[in-house]
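These notes open a run of structures that come right after.
Okay, so subunit A shows up in both of these, paired with subunit B first and subunit C after.
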Partner chain A sequence: MIAIESLSFDMPGAGKSKRILNDINIHVGRGECFGLVGESGSGKTSILKCLAGQFKGWEGGIAVQGKSIADTSLKERSNTMQMVFQDPYGALHPRHTIRKILNEPLAIKGLPDKAERIHKALKDVGLDESFLPRYPHQLSGGQRQRVAIARAIILDPDIILLDEPTSALDVSVQAEILNLLASLHHRRQLTYLMVSHDLGVIAHLCERVAVMKAGEVVEVVAREDLIEGNVTHNYTQSLLQHAFSRE
Partner chain B sequence: MKSTETLKNPGYALGARSEAQPSRMTFWIKSFKKLCKNPLSASGVVIVALLLVCAIAAPLIATHNPLEQDLGRILASPSLAHWFGTDEYGRDIFSRIVYGSRVTLYIIFLVTIIVGPIGLLIGTMSGYFGGWVDSVFMRITDIFISFPSLVLALAFVAALGPGLEHAVIAIAITSWPPVARLARAETLTFRNSDYVVAAQLQGASSFRILFHYISLMCLPSLIVRLTMNMATVILTAAALGFLGLGAQPPLPEWGAMISTGRSYMLESWWLVAFPGAAIMLVSLAFNLLGDGLRDLLDPRTE
Partner chain C sequence: MDVLAIENLNVTFRTDEGIKHAVRDVSFTLNNEKLAIVGESGSGKSTVGKAILRLNPPSTLVTADALRFGETDLLACNEKAIRAIRGQHISMIMQDPKFSLNPVMTVGEQIAEALSVHRRISKREARLAALEMLKEVSIADPEHVYGQYPHEISGGMGQRIMIAMMVIPEPDIIIADEPTSALDVSVQQDVLNILTRLIEKKNISLIFISHDLNLVKKFCDHVLVMYGGRVVESIRADALSNASHPYTRGLMESLPSLRHRRDVLPVMTRDQNWLTQDYTP
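And then the complex of A and B:
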């Protein structure tokens, strides 16, 4: 579904550029939930930004559904790939009502039955139609993240990029959103590529995890191995230790 | 799956809706009340409202015909018959000031509807696209900014010929660059926000993003800026009128009234004092109103 091969990216800066991704190889299968963990600055989000078309000028190959994304525009990709952002406060336009937010992707695509699709997407994320005339600032963080998820699934994409979708939320709300994501994953046969620094969140949702450090993938582990501590690389072991020592 | 909010509070979805989301009308009333809480901006609102009333109901308010000459009563000092006195042709100054508010509003209105869209379009485009679009637009803006605005306006009026419409064009040409710069600066802060990225991922065209996403965010500060700008527009229009390049006689324009009254200033102070006071009062009012609107609209002050 997603094939990333020897991806490298240099962040252009003043003077000399800085290499933030180095020779990344990741393959995500159809219907899989793949996680990316690592500390801040390890390049997890940069991979998503390359996929989402925000970073240009990367080297290597990224193919989505067998087609290289260098050859397809964002508009062509919008039916296959959508994204949910970390910050539920910044992800929704503050002066658009929920109706307008959900209507926009349908209007851009010129799809019929807008009201029905909006109703269905809202139902899927556990909201009702009374939210439609409201503005984002009238909603709680969890509700906003639900709207953001509804916006991502309303075009029926196959892939959803999740950029730390729960890290800005309360613990109780985190669990709700994670359960929502898990149930959507099963019901809609979605493929997830999820970034998080929280091993617990990753282990809850993802089948396989790539551990990243300083712009490189050090290890790809399955969920079972992660839970049992069956990891080979030193860095992954220390990550696991930290995760457990916190609990 | 029901939302937790609905579970916790069953009335949330059914009953309390009108309470949760006030209608547009109550929003406006609330904003207006908030604006009037500050005495300074309230006085701005009152003066601008008075200006509007004067302009709309000029024939009802004016005591005389502003163009009617009465050579038997020239340079009469303020009295009950002529509240603000008469000018060198015996025309009633109060009536001329009342009718002059029409000219002033006409200039403000035209300049604002020219400058607002042009500044917004150029600013958001150069901020959003960046690269060579930005360079070209910003260099053009720099060129216009580097001229003193009155001198540039003078040059345009001199080229086009004196007249009210030409004064409007000249003022508009000199006052769009600051607006464009503001719109560009605002755009730069929004162009990489998550909701713009989300719109790009949905396949929105650049112009859709500019009009539906970025312009909306620029509007509040732009409205504030344009309101403050109105004070400058009034002063520039008065200056052009004073130099004889704006409104042409016998049109009662405040700047032109000061200009002709200047020759009689020492003996008949009312020729200059009243139009001058009108200009000062109205430009002050627009500044106060702009300050009030900034407190109201600018999200950063909340």
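And then the complex of A and C:
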């Protein structure tokens, strides 16, 4: 479904450029839920941004459903792939109401039954219609993140790229969103590439996870091995240790 | 004397569709301690934090029987006095870190500027001190990050930079709204250690807004649990596992666990009685 091969990316900067992704190889199967964990600043968001077309000029290959994304337009890409961003503040237009934010993708695609789809998407993320006339700054952090998820699922994509989808949510809403993501995953055969810093969240949802450090994938671990502690890299071991000691 | 005393705080937002009563009769005191506010999304945690510093939008109605910082009545402060309090005595780390940084100035320059204002040091000294602070919050390549703009840094770096900025004025109280929610556990630990060190060294009291129960259980002294705009439980952090309120218990149970994975996480059926009934054992 997603094949990332020898992906490298240099961020152009004043004077010198800086390598932020180095030789990344990740294969995600159809209907798989694949996790990305790793150090803050290690390049997790950057991988998603390369996929979503926000970062250009990378080297290597990225193919989605067998087709190189270098050959697909952004619009085509948005039919198959939607992204939920890490920062729900930047992601929602501050001067648009929630109604407009959810209506926009439907209008662009010219889809019918807009009101019904909006109603359903809101319900799926645990909000009701009283939120529609509000602006993003009138919502709490978690409510905003749920609107962002509603916007991503409203177009029925095949792939959702999720960047820390629950880090702004309290645990009870997190549980609801994780259950929702799990059930959407089963019901609609969705494929996820999900970044999270929480190994509990990753182990809950993902079958495999790539561990990143300083722009590289240091290992790919299956869920069972993660839970059993069968990991090889030092960094993964220390992540696991911290996570277990907190439970 | 309490560092901060709040009695029956109420916050109401005026919106186009009417009145939203977001915080109801919230009372607590803060001493030299780490006080957590946990609770579900939309329960009013950030609104309480902002009300202390009058950071809610101007149309917001804030009332309280008491809102005192030491001997200062915060409700009676004029704009100038409240600004002085924000600058010197109470700092807030906002939930949206990048939002609160100046987008057209590099992060290093912002830290250096804050430092030079506070410590009255030269530009060169401020630069060195800013680099030192970046290193303290576990930023691997401080020289590089110094020259980056807020939109060029990762989510977790933004949170750490905000923490570095907030401790500069050496305030009496820090209100930290979800300061570590985007950090992986090892960096989170580094950041909490930094916060602890600063708090202990400078005698700072902390209000720590979070939804991470495992974290507050270990890190904080006392916990307020908010639900529907009210504080429904006030409990010592180390007693959280034995909480009596059904909402608090539900929160503890909905945590995903590495050790005991469940296919479906338990979710709560919310109950009107939660807001009114007394659940103390």
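One rule holds for everything that comes next: the second predicted complex is superposed on the first by the 240 of 247 C-alpha atoms of A that agree within 3 Å, B and C clash if a C-alpha of one lies under 4 Å from a C-alpha of the other, contacts with A are read in each partner's own complex, and residues count from 1 in each chain.
Note that contacts are C-beta pairs under 8 Å (C-beta built on N, C-alpha and C of every residue); 3 or more make two chains touch, one makes a residue touch a chain.
Treat the numbers as computed from the prediction; the structure is a model and nothing was measured.
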Exercise. Which partner does A:Gly53 contact after superposing on A: first (subunit B), second (subunit C), both, neither?
Worked result: first
Problem set entry | Which superposed partner A:Glu176 touches (first subunit B, second subunit C, both, neither) | both
For this session: Answer with first, second, both or neither: which of subunit B and subunit C does A:Pro133 touch in the superposed model?
Result: both
Seminar exercise, completed: The chain contacting more residues of subunit A, comparing subunit B with subunit C, is C
For this session: Considering only the touch criterion stated at the top, classify A:Gln143 as touching first (subunit B), second (subunit C), both, or neither.
Result: both
Exercise. Who does A:Arg151 touch here: subunit B (first), subunit C (second), both, or neither?
Worked result: first
For this session: Report, in rising order, the residues of subunit A that make contact with subunit B in one complex and with subunit C in the other.
Result: 87, 90, 130, 133-134, 138, 140, 142-143, 146, 176
Problem set entry | Parts of subunit A lying in touch with subunit C, wherever the complex brings them together | 11, 14, 18, 37-41, 45, 86-87, 89-90, 130, 133-134, 137-143, 146, 164, 167-176, 178-179, 182, 197-201, 203-204, 214, 226-227, 238-240, 242-244, 246-247
Exercise. Which part of subunit C faces subunit A closely enough to touch in the complex?
Worked result: 13, 15-17, 38-43, 46, 57, 95-96, 98-99, 139-140, 144, 147, 152-157, 160, 178, 181-189, 211-215, 218, 250-251, 254-259, 261, 263-268
Exercise. Once bound in the complex, which stretches of subunit A touch subunit B?
Worked result: 52-54, 73-78, 81-83, 85, 87, 90-96, 104-105, 108-109, 126-128, 130, 133-134, 138, 140, 142-143, 146, 148, 151, 155, 176, 180, 183
For this session: Write out the stretch or stretches of subunit B touching subunit A in their complex.
Result: 1-6, 12-13, 17, 20-21, 192-195, 197-205, 208, 212-213, 216-217, 299
